[in-house]
Amino acid sequence: MDMGDARQIIAKRAASEVKNGMIVNLGIGIPSLVPDYLDASIQVFFQAENGILGMGPTPLENADGNLSNAAGYPVTILPGGSYFDSAIAFGMIRRGCIDVSILGALQVSEQGDLANWIVPGKRVPGVGGAMELAYGAKNLIALMTHCEKDGRPKIVTSCTLPVTTYRCVKKIITEMAVFSISDQLLLEEIMPGYSLNDIRNHTEADFKISPDLKPNR
Amino acid sequence: MSLFNKVTDYPTIKSLFFDGMTLLFGGFGGVGTPPGLIDCLIESGVKVVKLIGNDAGFPWIGIGKFICLERAQSLIASHIGSNPVAGELMTQGKLNVEFSPQGILVERIRSGGVGLNGFLTEIGRGTKLEYDKPIIKIGDKEYMYESPLTGDVSLVFAKKADTFGNLVFDKTARNTNPYVAMASKITIVEAEEIVPMGELNPEEIIVPGIYVKHIVPSKGYNWKWIWEMPDKSSRSAQPAK
Amino acid sequence: MSLFNKVTDYPTIKSLFFDGMTLLFGGFGGVGTPPGLIDCLIESGVKVVKLIGNDAGFPWIGIGKFICLERAQSLIASHIGSNPVAGELMTQGKLNVEFSPQGILVERIRSGGVGLNGFLTEIGRGTKLEYDKPIIKIGDKEYMYESPLTGDVSLVFAKKADTFGNLVFDKTARNTNPYVAMASKITIVEAEEIVPMGELNPEEIIVPGIYVKHIVPSKGYNWKWIWEMPDKSSRSAQPAK
Amino acid sequence: MDMGDARQIIAKRAASEVKNGMIVNLGIGIPSLVPDYLDASIQVFFQAENGILGMGPTPLENADGNLSNAAGYPVTILPGGSYFDSAIAFGMIRRGCIDVSILGALQVSEQGDLANWIVPGKRVPGVGGAMELAYGAKNLIALMTHCEKDGRPKIVTSCTLPVTTYRCVKKIITEMAVFSISDQLLLEEIMPGYSLNDIRNHTEADFKISPDLKPNR
């Protein structure tokens, strides 16, 4: 499977975590693809940390330079939406007003430690709002391809990359599997085309198998 | 009330900048960083000891243009990922970068702006961003102390200003601007529109004029390019129709 | 989007109150304290372990009406001067009062409301209001630690609410309400006017609906009496014509 | 002189401290009388801690219940005025945006300590915004009658009442005299109808006499 396909599969599976009436924050990368897979019947408020609640779809024309999401891309606003400053945007985030935050990840440990802000010596983007999103969201879902391009697993015993926030990830979705993390790392789903053995072979962390383990729909 | 008229021109602003100043700038990924004032800062030839703002902008947008000139000694920001030049300067030791989580950073600016002496938080505890920040024990919990940030000069972008400096912002171009406007000795505003006192609805004013020292008219903004660049893959972060 | 309709009635609100709750209330000298919700609280018969708000109101206005019933165990406020009954209860040991400087108090509510863990200040240092607050040394300066305040239930008064709970306030009736709205598990709003979602200008919204749980229509407010009382000498605090 | 006359004399003298273009905060009590004595040519912004800048005169009719000063009395708003929440109102105050704050006082010490919030066992109004006004204002002027009704002086060596804020008062105006306080307490003016001896007899604190000492206009 190529990287692009994997990203779409992950995004599609993540979309099923978004329920009617939720307040949702999406990180950059794979999470930004999630809205494409939301059922039309789902009504949610998308929040962005630059200061908007109730983001609507990308405008088809006449984009407004002063109306963008946290990545700087043009958006619209839905009825009931509001603008505010970025201190209040993060106030909402820290205070636990976000029902689900879906973030991209570089590594997740079996305790739910998230690493997604720096690859020392290579990429130094800075942490942005990730630490607070990880800290405050009622439910934090990490999306990532199961392994690095060179095959190294990203679900690890202990993060080798600098940690963004400790013990924050509640669910991991990759193209191979879905894990939950509460007291322990639990395999919840095996995605189509993969076997339990595939997952064992590509996961560094120890995991238990959920009694409800099911192959993906 | 001409007594309260703070409208001036760019040459006057240029003369306010000085070597060694600490500069705060509004904006988030370039959006809402006053382009005319940044150009004015560039033309002034001044060196800045400390830049404080949400991010490093893009190499040709926002504070990024100034950072690329290597006239800033240090930067406090939440990320520099959109400006590779800032990353290079950091790696070469030419720009000292302190990373602060995004919401914590704007709260530090607010803390300075409202005359408080910093705050406590758990955000970033145990991570690299702890730096050597004081750890304060309250009851049986430990928190990081985040210091307030203030500056000599603040650069702010507004949709509308009246001549007293009452400010109204536009949509997501508001972002950090209201707090940046409160946190420096001299706050300079670039406004898309300047109106007489009394024309703004007192209820819609986000920053009262009390915080503003000087106002200049904007020559227009330039951040729409961000998503018009051919080398950036388009990104829909919202529900598709 | 009927999914986001939070409008309800007073009997439903009454059932949300519970003995032992911590209650935050908006308002400043009674102005902006929701009168319908206070009546509802009174009718509920509930006892409150801690009241938090700017002041004790007047004996017949704002939170004052409730305080006079001796069903509050403690109060954190900046003053109780306008409510002599509160003073008597305090003297008799029936109401435990903690005084906080006015601006510090609203910042403590904000600190809780935005998910921070308190802040440092010099305000009140060395005075009776230091109580036993922790003294924190940063560098060579000493500050008082002010803890964040949060509650179980917040009572808020707004000019307009849409059905999602986006709020707009009116003039000086805004005061502490925006932060009180952020600081409790359950925020209940009494609004002078309730409109459909989409009717408020997103730019004029002061409190986003995300913070609001329940909305009831106001039956009108009653604080104009303050200056209509014959026993209060009129006071002109502004330049005379 | 009766108390009412003394209050008017103090307010009138205090009005001359308010200069064109200033941002001014007035406390309750005698300070609230100051605007009555301002020259019509003086343009200032009055700020109040409940959340208004640019207060205008008391409305002659149709007072708006939602538009009041910090004491709850009806006001109007002038062109250029604004509304904000009370956290921002106090932000302005602590940050030093108020050019002059004129407060009523119960006692002032020779070091400029202000006591104005509590008379233990008698009056317990609470501190309100006084601590922050005293802390933040560029210039703090205390207004009070020179002595208690029983003749005890209010300008004291050291406050016997609980202090609001230490070393904050820059000027004291009474019906008998005007003092400045920087390193020391300095008699600047003797008000009409009083002698230097009167002031000595009714002031507990030590004071020096300003080289510019002048009788009041």
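Read from first to last, the chains carry the letters A, B, C and D; within each, the first residue is number 1.
Throughout what follows, a contact is a pair of C-beta atoms (placed from the backbone, for glycine too) under 8 Å apart; a residue touches a chain by one contact, two chains touch by 3 or more.
Owing to the predicted nature of the structure, the values given are computational and were not obtained by experimental measurement.
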item: Intersection of contact partners for chain A and chain B; value: C
item: More contacts between chains, B-D or C-D; value: C-D
item: Centroid distance [mean C-alpha coordinates] between chain D and chain C, Å; value: 28
item: Rounded Å distance between chain A and chain D, as computed from the means of their C-alpha atoms; value: 57
item: Centre-of-Cα separation between chain C and chain B, whole angstrom; value: 32
item: Distance from chain D to chain B - Cα centre to Cα centre, in angstrom; value: 37
item: Residue numbers of chain A (touch at least two other chains); value: 77, 83-84, 87, 90-91, 93-94
item: For chain B, residues that touch 2 or more chains besides their own; value: 107, 114, 116, 122, 170-171, 202-203
item: Topology of the chain contact graph, where touching chains are joined (line, ring, star, complete, other); value: other
item: Full enumeration of touching chain pairs; value: A-B, A-C, B-C, B-D, C-D
item: Residue ranges of chain C touching chain A (in the complex, touch as defined); value: 1, 3-4, 113-116, 162, 164, 166, 182, 197-198, 200, 202-203, 205, 208-211
item: Residue ranges of chain A in contact with chain B within the complex; value: 26, 28, 32-33, 35-36, 38, 42, 44, 46, 48-52, 55-58, 63-77, 83-87, 89-91, 93-94, 118, 123-132, 135, 162-166
item: Chain B partner contacts - residues on chain C that touch it in the complex; value: 107, 111, 114, 116-122, 134, 136, 138, 141, 143, 145, 147, 168, 170-171, 202-204
item: Residues on chain B engaged by chain A in the complex (per definition of touch); value: 28-32, 54-55, 77-82, 87, 90-91, 97, 99, 101-104, 106-107, 110, 122-124, 126-129, 159, 170-179, 206, 221, 223-224, 226-227, 234-241
item: Contact footprint of chain C on chain A as seen in their complex; value: 20-21, 23, 43, 45, 47, 53-54, 77, 79-84, 87-88, 90-97, 136
